[in-house]
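For clarity, chains are labelled A, B and C in written order, and residue numbers in each chain start from 1.
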Amino acid sequence: MTFLKVIRWMVWKDLISEVRSRETISSMFFFALIVILVFSFSFSMDQQAARELIAGIIWVAFVFTGIIGLGRSFSVELQNDCLEFLQMSPASKGAMYLGKVMANLIFMLTVEIILFPMFVIFFNLDVIEEIHILLLIFFLATFGLSAVGTLFSALTVQIRAREVMLPILLLPLVVPVMIAAVEATKGALNGDPLAGYWQWLELLAIFNVVFTVVSFWMFEFVMDS
Amino acid sequence: MNKVIRRIQRYQGWFGAGAAGCLLVGLYLGLIASPPDYYQGEVVRIMYIHVPLAHTSLLAYTVLFGGSVWYLWKRDPLVDNMCHAAAGLSAVFTSLALFTGMIWGKPTWNTWWTWDARLTSFTVLLLILIGYLMLRTFIDDPEREARFAAVVAIIGFVDLPIVHFSVEWWRTLHQPQSFSLRGVSISSDLLFPLIMMSIGMSLLFTYMLLVRTQMLYLTNLLHAKKGRLLGQFHLSKADS
Amino acid sequence: MIAISGQEISKTYGYYQVLREVNLEVGCGECYALFGPNGAGKTTLLRILATLQRPTTGRFEILGRDGVKERDTVRATLLLLAHGCHLYEDLNAWENVQFALALRGLSLAQRQVKAVLDRVAIGAFADMKVRFFSAGMKKRLALAKAMLAQPKVLLLDEPFSTLDKAGIEILKQFILETLARGGGVLMATHNQEKAAEVAKRAGVLSHGALKPVPLQDLKTHDFS
């Protein structure tokens, strides 16, 4: 019971702080916008090329903005030594982990849902029929990012050169998420039958289960002495 | 000094000698005695180096994983030294495996690099190991360094099979695996030197692991002793 | 029962030895004051006792519970009041208190929280974001959180700094209340005069080694 309560309080705390300061979501959003712009300049795409590349571009933008959000997730805990407070707290570290994963998931999904219409407009995508499956892909892949990213955010925030180390450690590990998300998104945008890319959703689900469990266990060692 | 270290010092020579013996026999059989391959000709001989290197890098990472779990459980600094040593060696063996793979790839596949499942997985492995080694240099508290490094090693180890599967699926989707070694049966006069080399390389890794672990342990011991003397000096100066 | 008991605690960073075999005992209902110049290892010692760091060698017990093996039990009984006040800038005072208590598994009546906030004289600012608080107000809010948590073992790192006279008086009262409840208090400070008013015993950390000093020396010697 207290376990669920701690999760709820952690999510509540992060959400309230974000609603008041709007620091994380707005910085993620504008960073993503810039990424989209840079991509459209550097590839100068026509309709045909856009269809080939768009899934990759979407996910590169999402992963990079995700890293910004994840990095902030624990660097805000450094103010007034709040991280220390969490470490000293008798509450379950696993519950704190799940709370943070959820808060990060909410932030990242919010940004993705605001951004996606922009991709649709800028790159002339046709998505109405596949929107539900796209949302499922976004959810699964973002959950995977959040599950591993939250652990590494908590880890890198306690070391030197933390802004550099988070992407260096995180990006190789989320290669499967990247591949699966891009392939599934490509399938959905092309209007392929679901069976054609269903395996990628399964891969994402497996990744999420494995890494939620392992990170839940490892978080204890990251937060504790 | 630590009992384990003394035991290592007594037995490490056997591993070194064993490695030298196996590697010499394996190299002779592989490079001179064995016949050239029907399709690849003399080029195939790099296999006797490349494949054992790849095996050993995975062995090293498995040792790193086991050691990391052990460290988090027992918190023995010596185990952490072993992990540090295994990670460095794994990185070296992985880079050599990638390098020899590229040399092999040029004449047989006619390209230095291809995004084949195995090559890609090994590249990801190398990136994880480099991240691991970088992380270790960015932490001041040795206890925290050991703990965080163990976490990274464990997560990376769990990730590797998933990376491999995802890349393999991805490859089969985009182009048939014409390059794959799988299905090519190896005749026994090629297999025996390969096994010799693999055993030799594993023994070499073990020997290097023992030496390197010892080195890291003794360096830490030296630092600690130096620190204690330095502290005593300051203390006596403060008293007088 | 012994509130804090440390046996041969050492802490080493590479070859820099911060603490060398510190033995320390603080009984229940006793306040121990820790002095020493900057960099003597006071904060490290407090952080180890607060379960934030592990000692390199040696062990410690809080209320008879091993500080490493029974960490979660220990954490529920102790509280560290440190420089960073453990406050979230975008939450208001009220929410900060609620969050801190929730993580300790406590839920107190609003009336009780209000009373304590009034006692540290920030009741009027309870709805204000902590971002707009001054350093002294933050310290007072941290003090309020500690008062509501009612820890059995209290670790204080430079508690008197940034507080005004009235604030110091409230803190002193809180220390005395904790002692009266049978709690143990360990404080690291440079303020010998104030420490002498509450402490029963005192010690000086120098280059990581702890030496006890008689209380009457606090008035005459400068230990920092």
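Everything that follows uses one rule, which is that contacts are C-beta pairs under 8 Å (C-beta built on N, C-alpha and C of every residue); 3 or more make two chains touch, one makes a residue touch a chain.
Model, not experiment: these values are computed from the prediction.
Seen from the C-alpha centroid of chain A, the farthest chain centroid is that of C.
Should one ask which of A-B and B-C has more C-beta pairs in contact, the pair is A-B.
In this view the innermost chain, defined by its CA centroid being closest to the centroid of all protein CA atoms, is A.
Inter-chain spacing, taken between the CA centroids of chain A and chain C, is 38 Å. Rounded to whole angstrom, the centroid-to-centroid distance between chain A and chain B, based on C-alpha atoms, equals 32 Å. Distance between chain centres (mean CA atoms), chain B to chain C: 47 Å. Listed for chain B are residues 140, 143, each touching two or more other chains. Looking at chain C, one finds that residues 53-54 touch two or more other chains. Chain A has residues 225 in contact with two or more other chains. On the side of chain C, the complex with chain A involves touching residues 50-54, 71-73, 75-76, 80, 82-91, 95, 99-100, 102-105, 129, 138.
On the chain C side of its complex with chain B, the touching residues are 12-17, 20, 53-54, 56, 206-209. Partner chain C is touched in their complex by these residues of chain A: 2, 5-6, 9, 13, 16-17, 20-21, 79-82, 84-91, 224-225.
Interface residues of chain B, counted against chain A in their complex, comprise 72, 124, 127-128, 130-131, 134-135, 138-140, 143-144, 147-148, 150-152, 154-156, 158-159, 162-163, 165-167, 169-170, 173.
Taken in their complex, chain A has these residues touching chain B: 148, 151, 155, 158-161, 165, 168-169, 171-173, 175-176, 179-180, 183, 199-200, 203, 206-207, 210-211, 214-215, 218, 221-222, 225.
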